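Shared chain: chain A. Partners: chain B in the first complex, chain C in the second.
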Partner chain A sequence: MKKFFQNLKQYPSAIFGSILVLLLVVVAIITVIVIPYDQAISRWRGGEDVRGTVPKTARPLYINWITSQKLPETMVLDSTEPDDDIEKTKEQLADELIDITIVYRFDYDYDDFPQELQLVLTSEYEEKSPFVKLTWYQPDGTEIELGDLVANPHETFRFQDKELKETLGGLEPYIGLFAVPDSDPPEPMKGTYELHVKAYIFEEEGDVDGKLISFGQVHGWAGTDHRRRELSLALLWGTPIALAFGLLAALGTTFTTMFIAAAGVWFGGWLDEVIQRITEINMMLPFLPFLIMVGTFYSRSIWTMLGVVILLSIFGATIKNYRAIFLQIKEAQYIEAARSYGAGSWRIITRYLVPRIIPILIPGLISAIPSYVFLEASLAILGLGDPVLPTWGKIINDARMNGALYSGHYYWVIQPAVLLMITGLGFALIGFALDRIFNPKLREV
Partner chain B sequence: MPNDNVLSVRNLKLFFKTTKGVVRAVDNVDFDLVRNRAVVIVGESGCGKTSLAKAILRLLPKNVDTYSGEVLLNNHDTMQYNDEEYRLKIRWVKMSMVPQAAMNSLNPVMKVGNQVAEPAIIHNEMNKEIALQQAKKMFQQVGVPDDFISRYAFELSGGMRQRVAIAMSLVSLPELVILDEPTSALDVLTQANIFNVLKRIKKDLGMSFILITHDIATSSELADDVAVMYAGQIVETGDAHRFFDQPLHPYAIKLMDSVPRLRARKEPDFITGQPPSLLNPPTGCRFKDRCPSRFERCEEEPPTFNIDGRTVKCWLHAN
Partner chain C sequence: MADRPLSIEQTGATKVSSKKRPNAWLRLARYTGIKLIALAFSITVGLYLTILVANMGGYVDEIMKGQIRERISLSVSMDPEMKLLTQAERLKKINAQIALEEKRLGLDQPFIKRSFRFLVDAMTLDLGRSQQLTSDTGSRQVRDIILERLPATLVMMTSANFLLFFLSLFFALYLSRHYGSFLDKMVIALSPTSSAPAWFYGIFLLLIFAAVLGWLPYGGMVSAPPPPETGAYLLNLGKHLILPIVAWMMAYFFYSVYNWRTFFLIFSMEDYVELARAKGLPSRDIERRYILRPTLPNIITSFALMLITLWQGATLTETIFNWPGLGRMIYRAVQTFDTPVIIGSVVIFAYLLAITVFSLDFIYALVDPRVRVGSGGPKS
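What follows is the complex of A and B.
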């Protein structure tokens, strides 16, 4: 074992590959521990309440580091969470009239406009809804009346009414409110903005609170998708799923194939014939259409797919390769000797035949892992991804369905693709090195 | 009739099917082996010696055409066992074998200690520890340092490997060991060593041996009895002393003449012609075409004649 690792060390590519794989494994383990399965699923599949402050198709934060333009981040100002930038005053004007003023003050020095603006109001009252008046102050002092509204207990002001749009010269409010007047194309005005919320409550007691959300164009380290889901979650959870799928499929197929080949060779006769014919028929059958059929008519669960993939791969071309090697080993003197001293068939297969093929099997096994990871991604891209689990392939599928590349959301495709490539690269580098170690003929002189 | 035969073979036949026809590798063989004696089976290459060994141990290839006769072990017919019973009750329990080219009969990915312990684990249901102890004892018996048990076959020399193979045949303490060319491909010194080992084992463990060889000179070291095989048949048996002094069958005489002598002033002789094909053996006496003393009766198949406890299959000795 020690010698084996020393051997492995001679190949820098193997070390690099091991580091990549180790990194993926560590990420997978930490992900599963930190974001338990149930939590991940509810965050991935939950509704607006889960992701109320997450913008749609926002780019990852690191875009701001690599481009000269500074894109706005998401900003949340909540009057229930006291802050220097939020002033809330409450004044009892009469017995049945309370005046509440909330002033939101924030600096805006980004080079682009936010995606959307929202003011979420929550009011407490008995019968009569409070009356709310909103005023916007730009850094140069321009005052813009946003409008009045009657606040229900939960009221969301979306900055979308037509009058406001007209006042702003036909610009969408989330642009117009931040734009330098009469600039074409609109340019954001940098400086300190203020939003005044003036609420009148016509009762003895009551309260109004508001949360101002400016949805940015960048969010999180991996961006978000069209359904306001953070891609970081799917990228992280995709790791354990991809690794598990690849590993299980590779282990399942390689070892079963090996045992079937060994048994066929050892017992020979009709068993060997049956195995060979099944293999030949199976090799003729198209693999992908089979999976598509299972996915369409039966189940798209990743575990069902895994099972079908293993079943279809067991009787593959590798059985022929292993058979060729076993046929050679079977004729060796020591097998005959083992038979003569009474070793049973099972013992001969497990202790005499199989150990000879391990050196060929291990590199193949390692190289098979990424190919199954890619297969899973391909299935997801073809729309056969698991309906529940977030996977790398499904991110790419979502991106494709929503025309990510046409609208310039490259991050949506590139991030999962890079992870897939890292996985492939890591395992392939290890596989090549193992091949060299186990097959000395391949070693360069 | 009680006797002390550890092995008796009666009318043993082993024919193989090939694309050219049926090969009669072992054709009606009879012989007896008394306990704690060693019989040497000599004969030319291709005369069926190894097939005879395999037929005795029932290690049959797939292309068997006929396999019949009796193999009596301690006067018990082993033919009544099916293959699985035979594997569990006879092979290595009662009879074991050192196969031809035993040096190559070691698993290259198994430590030789484990390899030697394998039969003990399989048959005597020992656990691995005890089996390894037993293997160690056998290593001492055959003169291999017992710390070699944790080495792999490729780390041993040819002679060592041969000894390991012999240890493997002894580990389950069978009554009879068949040695198929145990010293071919070894140098003379190693051959002598191995024969000394075998002699000592025969004395210490009271085992019986069947030694298959074409090397008459070396095998005379160990032999108590000799059986001469020609074209799938045993043509002469007898005790070693008398055989080496005066062989009876013309083939045996020629064979002995072909062995160079150290002290006698005599050139080694050779046998004219070549051994007959076992696909289509000659009728009558199979040696007749090469025999210097051929006469009319040789056209008929000779029976086995018994002369003072020796047997010979030749019309010359008809009385």
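What follows is the complex of A and C.
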């Protein structure tokens, strides 16, 4: 064992690969502990309450560090959560008239415009809906009337008024409200902005609260997708899924194949013949179309796929290799010795045949892991990804389907692809080194 | 993974030579007969399995019956003449039409019975008509649909695979002569990149050369509309071919070179090669007579298996590059439950594979004097 690690040290690439794999494993474990499965699923598939303040296809935050241009981040100002920037005053003007003023004050020093603006109003009243008047103040003191509205218990003001657009010179309000007047193309005006919400409640009691959301162009450390989902969640959760799929498929296939090959060689006769025939039949079946059929007709669940992948791979090309090696070992003298002292078939297979093949098996096993990880991604690219779980392949597929390459949302494709690449490279580097350590014949050349 | 060319060691050569050969012809015939029967058996079982899966064990019939009922009910209820009939009469009319349509498609017979008819049709290469897909000329014949897609797949897969095969073979030969050199070390270092499939590199290539730089097209086989003159057409086709081929090479080239190089190196350490070197033979001769000659069976196997994988196309690479080939066709066929097309494609692959496996044994005997067909065989 010590010698093995000394050998391994001679391959810096293997050490690098081990570090990559270790990193992935750590990320996978932490992810599963910090974001439990149920929470991850509900956050990935959740509705308005989860994604209410998340912008669409926003770039990752780190884009701002790379480029000189500073893109706006998402900003949420909620009057129910008191803050220095939010002033709320409530005044009883008459018996049945309450005046509420909410002032939102915020600094804006980004080089681009937000993606969208929203003001979500929640009002408490008995019968008569409150009347709300909105006014916008730019840093240079320009006052812009946004309009009036009658607020229902839940009212969202989306800053999409036609009149407002006209007063802003035809610009979309989320641009026009932040733009330097008469700049072409529009340029954002930096400084402190104010939004005044003035509400009149025509009852003895009542309240109005508002949440101002400015949807940014960057959000979260991994950006968001077309359905306002944070990609960071999917990238993190994709790690344990990819590792589990790759590892289970590789383990399942390799060990079953080995035992079947060993049993076939040892018992020979009709068993060997049957195994050979099954291998040949399996060779006739096209692997990928079969998986596509199962995915389309039966179930796209990742675990069904895993089972079918293992089933189709057991009787693959490797079983012929293992068989050839076992045939050689079977004739060895120590096997005969074992037989002469009365060892049973099971004992011979597990104690004498199988251990001899481990040096070939282990590198093959490690190298098989990334190919299964990529197989899962391939199925996702064909639209056969698991319907519930977020996986790397599914992100790439979503990105492709929504034209990420055409519209410049490169982060959407690159991030999961880099993770796939790291996984592939990590395992391949280790498998490669192991192959050379275990097979001295390769080491010489 | 599924796009990857099959590995070298898929067929076992019968390398056991026997000293005495009484009745060589008889044994050859016997061996050939057994081999043929075994292959026929494998094809039959494999095809039947495919038929079962592609029909979901008969469930596709239920889906189709449902579709027929819906379509006919709708068309009858939309027909103004039928509005005059009573409810019962209309129902009778609908049922009669459904029965007729089911009979036309053969759905009135039990699935098990039909599955065997499918099997016989497939085995006799009577591919029949598709259910959903049509060729661009409007034909519903599975043969026409497949033949129409074949050139697209051949253009891409043949150029990519031939380039990959011969470039890696000759590069590996070169490296085996210069092993330990910088180039050799670089290839070893780069070979783990083959853990990623071609479509994966395709995405990166599209991102760089189509999206960012805008030099090459996003996909497809020719621009729409295709240029009318032959020269311009070929140029246009070539432009669309670059990225898929580069992606294919990136995915498999280094690994393939590494494998061949190791393979050649193991052979070049044989004693007879050492002897030839000691005799002072020029390295070109050594390469040709002492290294390439004994490895020829493996090279031929690898080449033959590469040829038949061309047939399957590369579903994923075709998907990423929007290439109208056979891989895409199978995918579309599965998505639309078009079982005749799936089975048609599978049966041709099975036959091609069987023919290759069968003829390889004889090719070995031709190129390798150490191999005798039918002597001993891998039955030990």
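To be clear about the criterion, the second predicted complex is superposed on the first by the 443 of 445 C-alpha atoms of A that agree within 3 Å, B and C clash if a C-alpha of one lies under 4 Å from a C-alpha of the other, contacts with A are read in each partner's own complex, and residues count from 1 in each chain.
Note that in this section contacts are C-beta pairs under 8 Å (C-beta built on N, C-alpha and C of every residue); 3 or more make two chains touch, one makes a residue touch a chain.
Only a predicted model underlies this, so the values are computations on that prediction, with no experimental measurement involved.
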Fit or clash between chain C and chain B when superposed on chain A: fit
Partner with the higher number of touched chain A residues, chain C or chain B: C
Touched partner set for A:270, first chain B, second chain C, both or neither: neither
First, second, both or neither for A:351, with chain B first and chain C second: first
Contacts of A:342 with chain B and chain C, given as first, second, both or neither: first
Smallest separation of CA atoms, chain C relative to chain B, angstrom: 8
Residue numbers on chain C that touch chain A, as the complex places them: 1-4, 6-7, 9-10, 12, 38-39, 41-43, 45-47, 49-50, 53-54, 56, 59-60, 179, 189, 191-197, 199-200, 203-204, 206-207, 210-212, 218, 262, 265-266, 269, 312, 315-316, 319-320, 330-331, 334-335, 337, 342, 345-346, 349-350, 353-354, 380
Residues on chain A engaged by chain B in the complex (per definition of touch): 268, 332-334, 336-344, 347, 351-352, 355-356
Residues of chain B touching chain A in the complex: 57, 59, 62, 87-88, 91-93, 96-97, 99, 101-102, 104-110, 118-119, 122-123, 165, 168-169, 172
Chain C-touching residues of chain A, taken from the complex the two chains share: 13, 17, 277, 280-294, 296-298, 317, 320-321, 324, 327, 367, 370-372, 374-375, 377-378, 381-382, 396, 400, 405-406, 408, 410, 413-414, 417, 420-421, 424-425, 427-429, 431-432, 441-442, 444-445
